[in-house]
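Some structures to go through are shown next.
Next, two complexes with chain A in common: one pairs it with chain B, the other with chain C.
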Partner chain A sequence: MPGLNLVEQSLITGFLAGSLYGLLALGLSLSWGLLKLVNIGHFAMALLSAYLTWYFGTELGIPAWWAGAIIVPVFFVYGVALHWVFVKFRVSEMASMLITFALAIIVESFIQTIWTADFRRYSTPLADQSFMLGGLYVPKLNLLACLVAALLAVGTWGWLKFTYAGKALRACAEDAPIASAYGIDHKSLTYLLSGICAAYAGVAGVFIALIGTLAPNEIWTWIGVVFAVVIIGRLGNPVGALLGGILIGVCEALTQSAVNPAWAPLVSFSVLILLLLVKPKWI
Partner chain B sequence: MTRIFTRLLGRAAVAASITMLLAGGAAFAQSGKPIVIGQTLALTGPLGQTGMVHKIVGEIVMDDLNKAGGLLGRPVEWKLYDDESKGSTARTQYERLITIDKVDLILGPYATEGILAAMTVAQRYKKLYIQNTLGIPHLATYEGQFSALMTGAEPQNTFPVRVLQAYADSGFTPKSIAIVTSKFASAQFNSKGMEALANARKIPNLYLEYDFGTRDFGAIAARVKDFNPDFIWTGVLGVEGHQILEAYGKLNYKPKAHLYLYPSPSLAQVPGAEGGISQTSLEDQPPYTNDPLIKHYAEAFHEKAVKANLPYPFIDSQAGNSFSGWQILIAAVKGANSLDDAKLIAWLEKNEVTTVMGKRDFKGKFHTNSVDATQIRQVQNGKWVLVWPRERALPQSKLVANK
Partner chain C sequence: MDLSGNRFAGYAALAVLAAGLIAVPALDLPAFYVAFLFVLYYWVALATSWAILSGFAGYWSFGHAAFFGTGVYASATFAAKLGVPFLLTIPIAALLAAGLGAGVGFVVFRLQRLRGELFALMTISVTFVLATVVSNTPIDGGLGVYLISVQVPEVFGSSTGTFYLLGLFFAALSIWTAWKISRSKLGLGLFAIHDDEDVAEVKGVPTFRYKIWAFAISSGIAGAVGSVYAIYVSYVTVGDTFDVTVIMYPVVMTIFGGSRHWLGPAFGAVIIEAALYTAAAGPEASIGRAIVALGLILTVLLLPSGVMPSIVRLWRSIFPPRKVTYRATAPAASATASAADGAVLTIDGVKKSFGGVQALKGVSLEVRRGEILGLVGPNGSGKSTLINMITGHYPLDSGTIMFDGVPIHELPAHDIAALGIARSYQIPRPFDRLTVRANVALSGMFGAGKLDDEASVYGQAQHWMEFCGIANRADDFPPQLNLHERKFLELARALAARPRVLCLDEVLSGLNHTEVDAALDLIRRIRDNGTSIVFVEHLMRAVVALSDRVAVLNEGELIAVGTPEETMRDPHVVRVYLGDAHAA
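Moving on to the complex of A and B:
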C-alpha cells in the first residue's frame, strides 16, 4: 500500500503532467470543435516547435522564451495558410484527418532528416529544479507549463464566451450559413482561429522541449491520450481540455504509484469509456 | 624523427591489422560479380537512434573490406533496407532480400522483435543468420543462427550475478533492490532474472514494469524514492534511461547505486547518471583502444558519427556488437572459403572467431558464447569507463558505489 506522501507526490506529478496534455489538447480541441477540422498535424507541429526551441537554444544560443517569441507568430501564419488550403479545397472533417495525418508523417520525416532519429535533450538550469511545498517536490518547469496552460485555456474560454469574435465563432460552429446571414464574417474568424490553434501548438512545443526528451516518433505517443483528453473535455472547450488533461494525468499517476506502472496507458481510454457510459453533462 | 617513425609504424600496424582481419592476410585484386550482403536496420521509428549506430558500423566495415580486397577476391556490396523498427517490416524485407534481390549473405537486424521476425525467413531459406543484439537467446532456436553477443546462453541468470559480484568486489552489498523495467521483451526477460536472484538471496525488492513508450516517469520515480533502495536495476531501452533520471532529478532523488540495461550511449552525459553502471563489451578508451584495429574503428566511427550528428559520437557496446556480427560473418566466409550457407554454418560450429569484443566460440546453447563474458562500465565524470572485471579494466578505473 503506498504511503500518503507517495500518493500526494503522485497527485502533484500527475496534475502537472496532465496540464501538459491539456496544453497540447487546447489547439486540437478548438480546431475540432469550432472549425470541424481534426488536425492530427497539431502533434507534429508541436514537436517541430520543440525541436526548433531545442535547436535555437543549443545551436544558436537563443533562450527558449525568445525562441517561443519567434516560433509562435510563425506558427500562427502557418495555421492561417493551412486553413487557406482547407478552405480552397473544401476539405471535410474526415478528409482533414487524413490530410493532416499525412502532414504529420511529412513533418516527422523532415525532423528525422534534419536532426536524425536520435533523441535530443535541451538541458537548461531549470530542467531538474523543484521547490518544496509541504514536504513535496514541485518541478518548476512543469508548474510554469501548467500556469501557461491555465492562462491560455481560461483566456481562450473568456475570449469565446465574452467577446464578439468568440461568440461569432461559436455561432459559426453551430450553423455557419445562419451566422453569415446575421452578418458574421465567418471566413476571417476561422482563419484567425486556425492561426491561434497552430500558435498553441508552438507554445506547447516550447514546453515539450524544456520538459521532455525529443525523438521524431514522439508525435505518435501523444495522439491516443490527447484525443481522449479532447473528447473528455468536450470539443471546442478550452477549459475542458485542460481539466480533461489533468484528470487523465492524475489517474495515470495514481495508477503508477498505487497499482502498476504498466497499467497507466490503459487509464486514458478506460476513463474515456467510463465517462461515455456514464455520460456526465459536460461531455 | 623518432616520433614520425613511430607514427608511421603505428599506421602501418593498423593497415596490417585491418588487412589481416578483413582479408585474411592477403590483399586480393577484386574481380567478378560483387558479393551482396543483405540487412535491414531500424533507421526510423522508436529504435532509430540505435539503428544509426549499426548503419555507421556497416559503412565502416564495407569501406575497409573493399579497400582490403573484398571477400574471396570479389568486391562486396551491402544492401540495406529500413525496417522502421517493426518486426513485420523486417520479415517482409528479408523475404525481399533473399527472393527478389537474391543476396548472397544476410546479417540480422537490430533489436529483438526484428531479429526474431527475420529469423523465421532465414530458417525457411536455410541461410546463415548472425544476429548481434538478441537479449533472449533461448528464443533463437534456428540451428543456422549465431549470436554475436558475449552474454552466454542464459544472461537472465548470469548477468545479475555478475552485477552483484562486481559491487561485492568493490565492497558494496545492496540490502534492498528496486527493479524498474520496460515491458520490452528482452529488458523484461533479463529484469525478471534480477528479481529471481533478489528473491533467491532474500533481498527485499520492489518490482515495477512500465509500457514501452511511457511518457512520464514522475510517479515511478516517486515510488522508487519512497522505497529508497540500495540499488536500482533499470531495464531501460534507449531514451527511457534519460527520462527516468530526469524524473529522479525533479524529486531531488539521487540513487545510491543504479544500473541501466540497454541505455542510449549518451546517458553518460545526463546529469544524475554519474555512478550509473551498464553492461559493455567495447568503449572508445583504453584498454580497448590499445588494439590498433579497435583504435581505427573508434576513429572512423567518431568521424562518421559526428557527420551524422549523433549526440554520443563514440564507439561503445552497441557498436561493438555490430562490428562483432560483421567480423563473424567475414571470418566464416574466409574460413569456409565459400558462400554456401550450410558450409558457413558448419565452419562456425567448429571454430572460434576473434572479434573486437575478444575471442569467442559458439559452443553455448543456441550458438552463444560458452560463458557470459559481459563486462561492466560506469559513468565517471560524464563518460563510460570500463570498471569490471578488474583484470580487464585499467588499474585506475574502479567501480564506485555510492554507499
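Moving on to the complex of A and C:
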C-alpha cells in the first residue's frame, strides 16, 4: 500500500519539521508570555545564527557544534542587551513589536548585503544520513533537532514549574507589582529570560543551517507559521509551543503530499483563523 | 466675527495651494519632478490611510502591503486581463481591499485579550499568505503581470498627467478623510479606544464596529492607491508588491509625523521621502531600508508622539486659536423622573466565577426607580463584580438582568450604556489623551443622551463639568488633575451619559471630610433629577446618610436588604462585619 506509506512518511517528516517550528517558537512564546514583549526580531536572529553557522562551516572550517558554542553565548548577551533597551526606554508591548520588526529588517538587509540574496545550502556529512524505521525514512539531523527541541522545551517547562526563578517569572507575568511586593527581584530575572530566548534563537539557527536552505526573506515566511504555533501552544508554555509546532508541521506535510507543496504556508494560517473563530477563549 | 477673516485667509491659501498642485503637470516640468511628486503622494496616501486605524485607535497594522497588494492585483486582473476600464478598477480595488480588511478585523477584533498584538501579527501573516495565494494562482502565477496594454485617459496631454492627478487626488482624499474622521464621533471613539478600550465600550462606544469601519476605510484607500500604482508601474510582481518596505514606510512616516494627528502621517511622509531622496543617490535599496528601519527604532524610543505635537504648539503660538466659550445648557428633565414606583433594574440569580473563584453565587436584587441603593460588604464580596455584570463588562455565567423590562445580560456593554446605565470607576479611568471636556462630551455622545449636534454635546458637557465643579479644568488633560478632581471627572462623565441607573463604585474613597460632604450633596442632587443610584461604598457614615435601602453582600451572596437601620442591626451583617462575639 504505497498510499498509506506516503501518508506515514509525511507524518514522520512533518513531525520532525514541526519540532523545528517548535524550537523557533520556544523563545518567542516565552518572551511574549512572560515578558509581554512580542519579539518579531526573533526570526531574524534565528536566520542570522543559521547564516553564521553556514559561514563558519563553509568559509572558516568551524564545525556546526563549535559554531553553536560561539553563537549561543553571544546571542544570550544580545538578548540581555535588547531587554536593557526595553527597560531603559519603558517600551510598551506594542512598541516592542515595532522595534523588533525594524530589527528584523536591519538583520535581513545585513544578511542580504554580506551574503547576497542567493540560496545557500550547508552540506555536511551528516546532512544526508538517515536510517530506516519500519520501512520509513528518518533523517538523522532532523531527529537530532527534534530531540534538542524536546529537551529544551521540557527543560524550560521544568525550570518554570519547579525552580524559584521559574515560579518568580510566572508570578511576575501574572502581576509584577504584587510579585515585587513579595520581594521577587523582577528585573534581573527578566534579563536572564530575555537572554535565554535569544540563545534559543541561536540554537534554532544552527539546526536551520544544517537542515534547510537559507535565503534572507525566510524571516517573513516563518513569522506566519511560528506565530500560529505560539498561539496554538499558548503563550509562555514551552511544551505547548513544541506540540503546536508538531501539529502545524504534520498538517503542512499532509497538505504537501496531498495537495501541492506551494500551499503549505496557508495551513498554519487557516488553522489559526479556525481556532480564533471557533475558540476565541483559547487566547 | 473679527476672526472670520483669518479663517477666510486659510481657505484662500488652501485653494491657491490646490490650484498650484493641480497645475503642476501643465507646467511642462522635467518628467522627473512629476514622478517624484507622484511617489510622494503615493506615500502620503498610504501613510495617512494607515493611520486611520493604526494611528487613531492604536491598533498597529503590519499588513498595509496586503491591502495595497489587493488593489495592485485587482487592477492587474480586471484592467489587464478582463479589459475593464482602468478608472473603473479603482473602486473595485478599494472595495476588495476594504472587504479583506473588514474580514481580518472580524476575526481578530472580537478577542478579549491580546487584540492589539494578534492584530499586528495577523496582518503580517495575511500579507504573506496573500502573496502565496497570488503567486500560486493564475492571478499572477509567479511571473508577474504586464499592464502595458491598459488604456489610460490622458490629462494635460499625457498619461503622466493623469497619474499625477490621481496621486494628488488620493493623497488629498486620504488627508481629508483622516481630518473628517478625527473630528467626528467615529474619531472620538477611536481615540478613546486607543486610551482604554474597555472603558470606551462601557461608555457606549461600539468598539468592535468602529474598529472594523476604520480598518475598512484604511484598507480601502490602500487598495485604491495600489490600483493606481499598478497601472503606473505597468509591470507588477509578487515580490515587489507584498514587500516589507510597503509595510514599514507608512509606519515610520506616521510615527515620525505623529500618529494621533490627521496631518501627522502626511508630514512624516514628506520629510522622510525628501530625506530618502537626498540620500538615495548612494546606497542600494536594502541598505536604504535598513537605515529607515533604524530611524523607526530611534523614533519609537526617543520621539514616540512624533513631531506633530511640537508643530501644533508652534502653529498656535503664531496663530492663536479662536477662544471658544461654551455656554452650559441644562439637559431636558429626565423623562422617567416622575414615573411610577417599581423596579427599574431586576437582577435575578446572577452567577459568575473567575477560574475556581465564585465571585457571585446567585445574587437576586432589584433597584427601585429613583432610589439610592447602598451596596456594601467586605472586600472581595462581589460588589464590583456585580457592577461589572450590570454594565456588561463581563458576561455572566447564569441568571438574568432586566432593565425596565428589557433583558440586558446578553447585550454588549455599549448597548447597555446607550439604554441608560452608567458607572464610575473606583480608581478613575479617564481617557488620558483626551481633554477633560472631550472625556465628558464623549459620554454625552455615546451614552443614553444620544446627543449628536455639537452645540448640545458641548453645552451639556459644560453643564456637567460645572455641576461637578471641574469646569475650570475643562481644557486640561486628566493626568494633570489631582485625585479629588479625577473623582469628580468620573462623576461628570457618568452623568453626561444621562443614565437612568447610575452605578457609583467607591466615589468617596480617598476624599477628605469636606470633599465627602460635597460629594454626598452632589449625589442627592443627582437622585433628585430622577436617576436611580447604586452606590458601592465602605464609608458607613455616607451609606447611612444617603441610602434609601442597603444591600449587603458577603462572599458572593446577598445576606441582607432593607433600610439602613434594619440591615445594620441584622445579626448576619453584624457577624460578617464584627465577628460572632458581637452578633446578638
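Methods note: the second predicted complex is superposed on the first by the 270 of 283 C-alpha atoms of A that agree within 3 Å, B and C clash if a C-alpha of one lies under 4 Å from a C-alpha of the other, contacts with A are read in each partner's own complex, and residues count from 1 in each chain.
Convention: contacts are C-beta pairs under 8 Å (C-beta built on N, C-alpha and C of every residue); 3 or more make two chains touch, one makes a residue touch a chain.
All values derive from a computational prediction rather than experimental measurement.
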Combined model on chain A where chain B meets chain C, clash or fit: clash
Contacts of A:Q256 with chain B and chain C, given as first, second, both or neither: first
Partner chain in contact with A:Q112 - chain B first, chain C second, else both or neither: both
Contacts of A:V87 with chain B and chain C, given as first, second, both or neither: neither
Which superposed partner A:A215 touches (first chain B, second chain C, both, neither): first
Chain B versus chain C as contact partner of A:P265, first or second or both or neither: both
First (chain B), second (chain C), both or neither touched by A:P139: first
First (chain B), second (chain C), both or neither touched by A:L147: neither
Touching both chain C and chain B, counted on chain A across the two superposed complexes: 109, 112, 221, 260, 262, 265
Of all residues in chain B, those that touch chain A in their complex: 43-46, 48-49, 51-52, 183, 208-211, 213-216, 218-220, 222-223, 226, 238-239, 242-243, 246, 249-252, 264, 266, 270-272, 308-311
Chain B-facing residues of chain A, complex: 2-3, 5-6, 9-10, 13-14, 16-17, 109, 112, 115-121, 123, 127-128, 130, 137, 139, 142, 212-213, 215-217, 221-222, 225, 249, 252-257, 260-262, 264-265
Residue numbers on chain C that touch chain A, as the complex places them: 58, 60, 62, 107-108, 110-114, 116-118, 120-122, 124-126, 128-129, 132-133, 136, 244, 248, 251, 255, 284, 286-287, 289-290, 293-294, 296-297, 300-301, 304
Contact footprint of chain C on chain A as seen in their complex: 32, 38, 40, 85, 89, 91, 93-95, 97-99, 101-103, 105-106, 108-110, 112-113, 220-221, 223-224, 227-228, 231, 235, 260, 262-263, 265-266, 269, 272-273, 276-277, 280-281, 283
